[in-house]
Amino acid sequence: MCRWLCYTGSPVFADALLFKPVNSLVEQSQHAQRSIYTVNGDGFGLGWYGSRPWPGVYHDTQPAWNDDNFHELAAQIRSHMILAHVRATSGTAIQRTNCHPFRHGRWLFQHNGEIGGFDKLKRDLQMEVAPALFPQIRGSTDSETMFYLAASHDLAADPLHALRRAVGTIERLRRMHKIKDGLYMTVALADGQRLVAVRYASDHRAPSLYHSRNLHALHEVGGKTENLPADGILVLSEPLDGVSEHWEKVPESTALVVERGQVRQIPFEPEE
Amino acid sequence: MCRWLCYTGSPVFADALLFKPVNSLVEQSQHAQRSIYTVNGDGFGLGWYGSRPWPGVYHDTQPAWNDDNFHELAAQIRSHMILAHVRATSGTAIQRTNCHPFRHGRWLFQHNGEIGGFDKLKRDLQMEVAPALFPQIRGSTDSETMFYLAASHDLAADPLHALRRAVGTIERLRRMHKIKDGLYMTVALADGQRLVAVRYASDHRAPSLYHSRNLHALHEVGGKTENLPADGILVLSEPLDGVSEHWEKVPESTALVVERGQVRQIPFEPEE
Amino acid sequence: MCRWLCYTGSPVFADALLFKPVNSLVEQSQHAQRSIYTVNGDGFGLGWYGSRPWPGVYHDTQPAWNDDNFHELAAQIRSHMILAHVRATSGTAIQRTNCHPFRHGRWLFQHNGEIGGFDKLKRDLQMEVAPALFPQIRGSTDSETMFYLAASHDLAADPLHALRRAVGTIERLRRMHKIKDGLYMTVALADGQRLVAVRYASDHRAPSLYHSRNLHALHEVGGKTENLPADGILVLSEPLDGVSEHWEKVPESTALVVERGQVRQIPFEPEE
Amino acid sequence: MCRWLCYTGSPVFADALLFKPVNSLVEQSQHAQRSIYTVNGDGFGLGWYGSRPWPGVYHDTQPAWNDDNFHELAAQIRSHMILAHVRATSGTAIQRTNCHPFRHGRWLFQHNGEIGGFDKLKRDLQMEVAPALFPQIRGSTDSETMFYLAASHDLAADPLHALRRAVGTIERLRRMHKIKDGLYMTVALADGQRLVAVRYASDHRAPSLYHSRNLHALHEVGGKTENLPADGILVLSEPLDGVSEHWEKVPESTALVVERGQVRQIPFEPEE
């Protein structure tokens, strides 16, 4: 299990989300609150949209809490759309190519959860990836395979549909292989304009997911608060502070579509 | 705060201590029980005496729990004297030269705790290191400085006396600089034959230290037990299993001298 | 292109091969002589057979020449069969799971060269891997895929036949996909008793391969020589010293089978 | 010996300097042309002035040529003042705290060369560092010690004077300790507005140093050229392309002061 967040809105420095809040993503890397796995120390990643046509990504295998480079970059990088992820591996190797967010063209993707029985399903799942995309799979995680399953459909035309199809494929192969362990996921998929997030589990016991509301300021370590843009929206694994009005829990089997400052909730079902 | 262990006795594979017990050192790296700091994920190290005239050392900056190399080596390395350490930094950089155990000639040294106010004391402490040894300081930790303070005395002649003098120097400079934060330490110092360990704190609130007794078998993950040599002795930050007869707590201000299969307890006082 | 060596014979410390000779493997990592690629700084690996039923492996992504851990381990590890590899990537990621030697059960495998057009062939090649082995592919190199192609046949029964079949499969798919770039390879495959090495290229321009003869002592850095066991045999990418009587070049399309202190040369042809 | 560059002028993306030119800094990390040490694979670093009051720094221990993160960041980071460095260690550890540029407040510093006999001089040199700065020395290089010797004087008031004093101290202690090996250096010191560079050696055999002139476009890998800002100025270890009109060699014992688009050459002498 992992922890992640996505921000979209007026540009902010990444450290306002990743380091400063009382329950910042980096704090969650050492002491996650909404998960039985409290330590997410198996690497981390940052994706952001800057002034180049493609998003930047930064991955490393150290724990987020002790990586000076991460701290430095978070203090300098300012962006209108930021994705970040701290990893607790469910078994695959600790290497940069297994760190989220993954990138394909303008798209970034990150995942918390796992595809139960992935070892048994891996070959069949990867055969469902479009042959032209297959050699682009760089790491060995279930998450990256899920991303390329989605990317095998037309992401630009309908990212949510692509995710429904990816999940549908996984569920179909789980049944075929009689895998008892479920698919568990909260995922985020973004292209610099649109952000789609999904909370889903085969057995309706999906990892937690929240989005922000009335996000003017976050409580920070040391009692300070820092103003955040009024139009800023966060979608994330767990709240960054303890102010309950700041956060709304996302129900099971739900997609969030965040565009032009609005969060829409849509029921999410796999599509085979 | 960190966690460490030392083994001496008939040769064992290192994984019998580091990976297999229910509360193995690697388990402690993620979930330490006898410390308010539960995560020791800021690097680790292994020292062992093999068939060369000097001990081998292996250090890396990944968390011990996710480093495949550590697992591999622990399974292959077999030795009559093993020191191992998992680190939680109190602020200094995460780099191999800051990982314990430190080596000087045939000697290995490891430390849990900290020298309070080290930033203020560092210059004066390092000036007390023998000038010929000063350029051998490779990292930036308080622990390595303490080791070189001890090594500035005649380790071979009397390792315990060298530690008393090192602690005496630190306590003298703490007073001189009016440092309120105490010196906290459990340390181990070994040369392949002798093992000396000390539990000490300026304010008598030293980190925990134990040694084994009647150590025939440890409870392992998965309910198994593996026989350990009857002559094996462990000195360590916290017990490797939950069997209370296996472990004896070491009092404050105490040194352990382990030689020829015997553990002697000696009162420990700084010497200025 | 990479550099590798294999040793079999009476036990030696690994540093006698990896660090001490004038053209040691670590020297080759910075200044290879028999290759147009002189720098092999993209990670390295060591495999050895000790006292456990499986061989140890150690991989890291630093250049071999600047990794203190490698130096330490090479000084302590003593074995009757040692494989070691320094890597120059042909494009795939720098990560431990892409470092040679690869391990499968008791078998170790390492490769210098490349499968031309691997990106185009990767999916079809991996489909030829036995489905039960597919999820065991941990990295993203052409080399590891070649190993698992071989391991899909009965390695224990006939390792050379398994290599012929692996190469046959690659050559067949190269033709099918009309790939112009050739397959280039020197490989080593070992199980602790047997060592099989192959030099082969689609266009008969394979990377260099040598084996030792009359190997009593190697010229070392600083003018020293160190005696090596009289029964020791090395198979390797390039000579470790400049004494021409020590080394014999292996012809194109040739397999070496090293067993019980004897080196046999056998013609090597792909088998489809 | 290492390679470095500094850029000041209208903002550019860092990859225009670090990756794209035919003899880019990253190319120099593998194949330096103006040095007998051709491989600079022992870590690298990047410093840049963005929109925060302090400069960003990014250091890693991988070779620059194979670090994906470096490539990513260089493509996203755009700045009016950029320093970058690829390292070939003269013996000190490969760790981030030994990577240049070093930072102190708003100041960045990087060095190519070495302080001969540093091991013998280290203690006395570090005693000359202002006591308040001593604990800020994070690594173990001669270069960082030189920086803190300079920073012990008033950098903001007169950075060139601070460098003269630092070099004067080193030369005085070299004489005192009768060190035969010389001090060799090209250094850059910058605060976001000013850039000072020095080429100096005890024996007038300093490493090469160049600055740009008429820098409109650089020849790039693949035959392309990319326009650079007409006001851009580079100071660097060796030219980024083969167009001789682009580059002017800096004489021995010379300081460059770059301010407001002008390069001034000033004789440089140590000051004791």
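Just so it is clear, A, B, C and D label the chains in written order, and each chain counts residues from 1 on its own.
By our rule, a residue touches a chain if its C-beta (ideal position, glycine included) is under 8 Å from a C-beta of that chain, and two chains touch if they have at least 3 such contacts.
Owing to the predicted nature of the structure, the values given are computational and were not obtained by experimental measurement.
By count of C-beta pairs in contact, A-D exceeds the other of the chain pairs A-D and C-D. Residue numbering at the subunit B/subunit C interface overlaps substantially, since over half of the positions present are found in both copies.
Each chain gets a centre from the mean of its Cα atoms; for subunit C and subunit D, those two points are 39 Å apart.
In subunit C, 68, 93, 96 are the positions where the chain touches two or more neighbouring chains simultaneously. Every residue of subunit D that touches subunit C in the complex is listed here, in rising order: 30, 39, 41-42, 61-63, 65-68, 89, 93-94. By the touch rule above, subunit A contacts subunit D in their complex via residues 13, 48, 50-52, 56-60, 68-69, 72-73, 75-78, 96.
Residues 93, 95-97, 118-120, 122-123, 126-127, 131, 134-135, 137-140 of subunit D are the ones that touch subunit B when the two sit in their complex.
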